[in-house]
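Consider the two complexes below, in which chain A is the common component and chain B and chain C are the respective partners.
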Partner chain A sequence: MNRESAKALAIGTFGVAAAMSLAMIASHVSPIVGFNAFFYGAFGGKQQIAETLASTTALLFPALGIAIAFRAGLFNIGAEGQLLIGGLLAGWIGTRIDVPPAIAIAAIFLAGAIGGALWGAIAGWLKAARDANEVISTLMLNFIAASLALYLVTGPLRAPDAAGPELSLLPHAYWLPTLLSHTRATIALPIALLAAFALRYVLDSTWFGYRLRAAGEAPEAARRAGISLSRVALWAMAWSGALAGMGGAALVAGELHRFNTQLSPGYGFIAIAVALVGGLEPLTICVAALAFGALESGGLALQAAAAVPKDAIHVIEGLLVFALAARRYLGARGAGAR
Partner chain B sequence: MLDDVDLTCEAGEIHALVGENGAGKSTLAAIAAGEITADTGTIERSGRIGLVHQHFALIDRLRVWENVVLGHEPQRGGAIDRGAACAFVRDLGERYGLEVDPEAVVETLPVGIRQRVELLRELARDPGILILDEPTAALSPSEVERLFGTIALLTQRGVGVLVITHKLDEVFAHAGRVTVLRRGRVVEERPISATTREQVARAMIGGEIPAIPAHEPTHGAIAVRVAGLAVPGAIENLSLQIATGEILGIAGVEGNGQSALADALAGLTAFRGTIERPHSIGVIPQDRLLEAVIPNWSLLENVMLGRERATSAKASWRIDRAAARAQCTAIVERFDVRAASIDAPLSTLSGGNQQKLVVGRALVDNPAFVIAYNPTRGIDIGATATVHTELLAARNRGAAILLISFELDELFALSDRILVMTRGALRGEFSERRFDREAIGRLMVSA
Partner chain C sequence: MTLSLVLSLFALALVRGTPILLAALGGVLSERAGIVNIALEGEMTAGAFAAALLSYFTRDPWIGAIGGVAVGAAVGFALGFAATRWRVDQIVAGMGINLICTGGAAFGLIYVFNQAGVTPQVPAINQALWPMVLLGIALAAALQWAIARTPIGLRLRACGENPHAARAAGIDPLAVRLYASTIAGGLAGLGGVFLALGELNLYSDGMIAGRGFIALAAVIFGRWTPLGAAGVALIFGLLEALQFALQGNIAWLPSDFLQALPYIAALLALLGASGRYRPPAAEGKPYP
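On to the complex of A and B.
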């Protein structure tokens, strides 16, 4: 964790605590009572901790993916769509194969990664071949992904036994083993942590990671040194999508045990905040994901116990991203003007 | 950065401030102009002190008149009076020989014209003292003459002009007094009439100037062959050849197709025609900070740029950090790059030391073909001597070198042959080191 990302994390933590206190006071709740409810909801017992860890996992995969794209200088807003397509392919594969559970789980994650990678690579290809702005294309691909998924689950792929628009249930043997029994905390968490370490290794120690960072940091110098910016854009977006897609697979195999269009309540968007608060450093992002995971589960408890709407938590998260983005932007501009 | 510096600039005088990169010249200028604050000491001024930066501080997307009047716009009925602003810019330009179209957008203008805009912006605020930081770094010889013409007009009107420069020719041709800074201290201050070039140069570097090795023509076989080269909008039907062990100098005013030529030869732009050149190539780009380095990264990571895949590590995906460290250390030692450590951010180095690293990176593998584009732009005497020595050493090892430079002195010192580039075409050929400064200068400005 470098100094810059540690600073971002500290600012984020204090900012959120201060904003939460204001939200509680505005709802006529003593911050002491409020924080008590919040921390109980996030860490109060086995079930609460498991909920926090489940949210952490769901945020960590797409946040790592977003970090890859951002480090390459690409503003990937499309993690939500990549997660959805990854989940769709994972949920479909899971109902189509008949293999030993370990292999099935590996296949489900692989399918998630491939689905997400293909969806991310569309935006990467548009950038590389047509110089299409990736903010617009990834944002729009989210809508296309949602519509495509809805069409498939209501039409061609709809489970015959299903009550609503969804795919069939995965065989019980393919459900992800839990870390804590009878909870939603699964082995997806250690897999995500492994991915974080792997990503750190790739960024720091491989020529691919070096090229990616060089293209993000100084595109003109990188291009003149013989690094193909189009190739970096394509592969960075593909890997970015692959990680988001693995997040979708984790949700399918670990929580819903089937694919439906309600797979993600916006994890792919909150993950942008996680990635930024984590300073785009894989290991710091793990800490940030835990913090946001606690905000998700604690926020729910806060709503139940103290009638502070959970949306207030999302408003706070949004403000946090806004502040960090502004700081980053102004910082860059300041340096450029010198 | 600076230690107990005294400097006086009188009304109506041209005062040259010289010193190597990192000596503290730009810091001193920024303090004098009030852009940064000194820890101790005082500044007395009569009138405003204007500062024209080496890297221009213009707003590229705005028009000339907008840049000039920014902050004190003439108004009429609550709106900016565009007509009055343009007339003001024209009038000011005519008075000081700085003619610019007030309606032109800055980013469309060549460097020499942008500098006029920058000067106009400062002159619009009626300065008592004008500080020019490396004003001639990017100018052609005729533009330099023109600039000093403007400076003479200013001094006639009682403005004191402080010129920060490395170029002793300019100092001795135009300045009345010279101050030498070395490592943040004033080591010499004299009227020009009471000093010599050698004395000032010695004071700048704190010792003798490194000698450039002797220069014997050693022409070999043709290494680079360009025939019928065309780059849309820049070059039409250009042909040239460079032999092994030859430095071909390209003289010319900026913006006559030199960048397109360099990019086509480096394989960075689309072109028509044929280029035959050796595979191993070293490039020293024109714009160090934008095209050559990643300033926030360490020396080590900058040296790896472009060779990140050249690895002897067991796993082919891995970067071989040990080899990279060894190579970086070798470059730092051989090319005399002065840095705290190879893990320090490159931005902490002076421009000259950054450039030595760029040159070292281009030359360390002994490439058969070298493209050097203004390789000593904006760097000091010591670093320039290192770069020149290394380019000549590469040539003596048998490299074919294309040297594009806006400095005739540099071309004369290094080239075996000089061609003049104007409007995307090559004219004249001066060879066997019989270079006619006047004839080359005439060709450069002939359209």
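On to the complex of A and C.
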């Protein structure tokens, strides 16, 4: 960590603490009581730590995916839709196959990755073939994904045991093993961490990663050097969607144990903040995801214990993103920025 | 279909399209000055919430309406200030603003009214619904003329196309961009006011429901012209109205598909329009 980012971290931490204190005072709660509730909710015991880790996992997958697209100069705002479609395919496969659990879990994650990749690739293809603005296309695809998922689970894929807009429950054997027993912290977290290390290697040390970064940082130079910008756009969006889709699979197999259209309370959007706070570097994003995971679970505890509305946390996350916008993480984004 | 049915369909299209139209006009204004405005959604949210809040406490819906526009403008000012003085990445800053506004409104609901999701009913200006529709269309025509034919419009366009040349001609691009972003926020805020006090008489969480983003699409499909964006916004309104009209009437067409109709249309438009949309050359690029 260099001096610049250490300074940013210190200012960010101080800013978040100050903003949270303000929210508490506005809600007539003493900051001492409030922070106590917050930290207890985030780290106070096995159950609390597990909740934090579960939120961390749910944010880490889409954040890593978003980092791929952003590094390629593509503003993928569509992680929410990619996560949903990935979760849908994962939840569907999980109820259709009859194989040993380890293979089933692998198949569920693969299905999530494929679903997300296909959904991401639509925007990638529109960018590559038709030079369509990816901010608009990924946003529209979010809405379409929500409608499509709702249609499928209430129509053609309707489950007999469904109580809401959801698919059947996965067989118990396919539920992800937990890290801490009787909690929502599952082996999805180490899988996500593994993905982060793999992504770091791919971005920093492979030909694909090099082309991707070149297209994002200096598109004109990359094009002149013979790198196909449209091919990079297609594959970057597909991989970006694949990671978000794995996040959907992790939620399906690890938390809900079935697909539900209400799978994600906006993880795909908060993950944008996580990716930016993490400086679009896979390993730093892991740290950012932990911080945001703690904010999420601590925020819930704060609401329960001290009646500070949880939405205050989203304001704080927004302020963080707004402040971070001033730092020019994204470099020159000629082609990517439209 | 009878004539009266067609007429009521178009009336509904105008009502559903107007909030999108107002926000899209704001989008055109700020983007022609060179500021990408992804924060329209947040500005609409802020405008709608502030309007309902002020109308509730003053019992005067007009104060609410003016307040909603003012708060939208304040959010636009914040985006413009950050974009011009801090040279931030405008898309990232816009997303931050959206988070702040939607989270802030949800927080405010609980903080002020002690209930989640929705405000109590507030005094509204439902009688001004149609005048506001007409105002939107008139504004589109006026802005079209102003941007294309007046010296101020020329300056605005210069800042979006080539701020360095504008500077050389004695224009202050930073000031123009800041003004444009502020007025844009006010227009988006008016769109929020239209929803909260014109169509309804309350604010509820999620009531903007992506209209700010649809407005952004209207800006692009309208090729960054006020009349074009207004036309596309009204087409989106028509698609929404069709959704109401067709719901339950056509058995083989799932209602979820109708719900997604405006978004699918936008995607198809992107597909069909390759390379025909050229944004202002300096859009999104910080100056100097």
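Definition applied: the second predicted complex is superposed on the first by the 315 of 338 C-alpha atoms of A that agree within 3 Å, B and C clash if a C-alpha of one lies under 4 Å from a C-alpha of the other, contacts with A are read in each partner's own complex, and residues count from 1 in each chain.
Here is the rule we go by: contacts are C-beta pairs under 8 Å (C-beta built on N, C-alpha and C of every residue); 3 or more make two chains touch, one makes a residue touch a chain.
Note that the coordinates shown come from a computational prediction; the quantities given were computed from them, not determined experimentally.
Colleague: Given the superposition on chain A, are chain B and chain C in a clash or a fit?
Modeller: clash
Colleague: Quick check for you: in the superposed arrangement, does A:Y210 touch first (chain B), second (chain C), both or neither?
Modeller: First partner only, chain B.
Colleague: According to the contact criterion defined above, which of chain B and chain C contacts more residues of chain A?
Modeller: C
Colleague: Now for A:R224: first (chain B), second (chain C), both, or neither, which partner does it touch?
Modeller: After superposition on chain A, A:R224 lies in contact with chain B alone.
Colleague: Check each of 60-68, 132-140, 150-158 or 168-176 in chain B against chain C and return the one that clashes.
Modeller: 60-68
Colleague: Go through chain A and flag every residue that touches chain B in one model and chain C in the other.
Modeller: Shared contact residues on chain A: 337.
Colleague: Looking at the complex, which residues from chain A come into contact with chain B?
Modeller: 205-208, 210-211, 214, 217-218, 220-227, 337
Colleague: Name, in rising order, each residue of chain B that touches chain A in their complex.
Modeller: Against chain A, the touching part of chain B is residues 57, 266, 268, 283, 285, 290-297, 301, 304-306, 308-309, 311, 317-319, 321.
Colleague: Within the complex, which stretch of chain C touches chain A?
Modeller: Listed in rising order, the residues are 38, 82, 86-93, 95-104, 106-107, 110-111, 116, 210, 213, 216-217, 220, 254, 256-257, 259-260, 263-264, 266-267, 270-271, 273-275, 277, 279, 283-284.
Colleague: Provide the residue numbers of chain A that touch chain C in the complex, in ascending order.
Modeller: So the residues of chain A in touch with chain C come to 23, 26-27, 75, 77, 126, 129-133, 135-137, 139-141, 143-144, 146-148, 150-151, 154-155, 269, 272-273, 276, 309, 311-315, 317-326, 328-330, 337-338.
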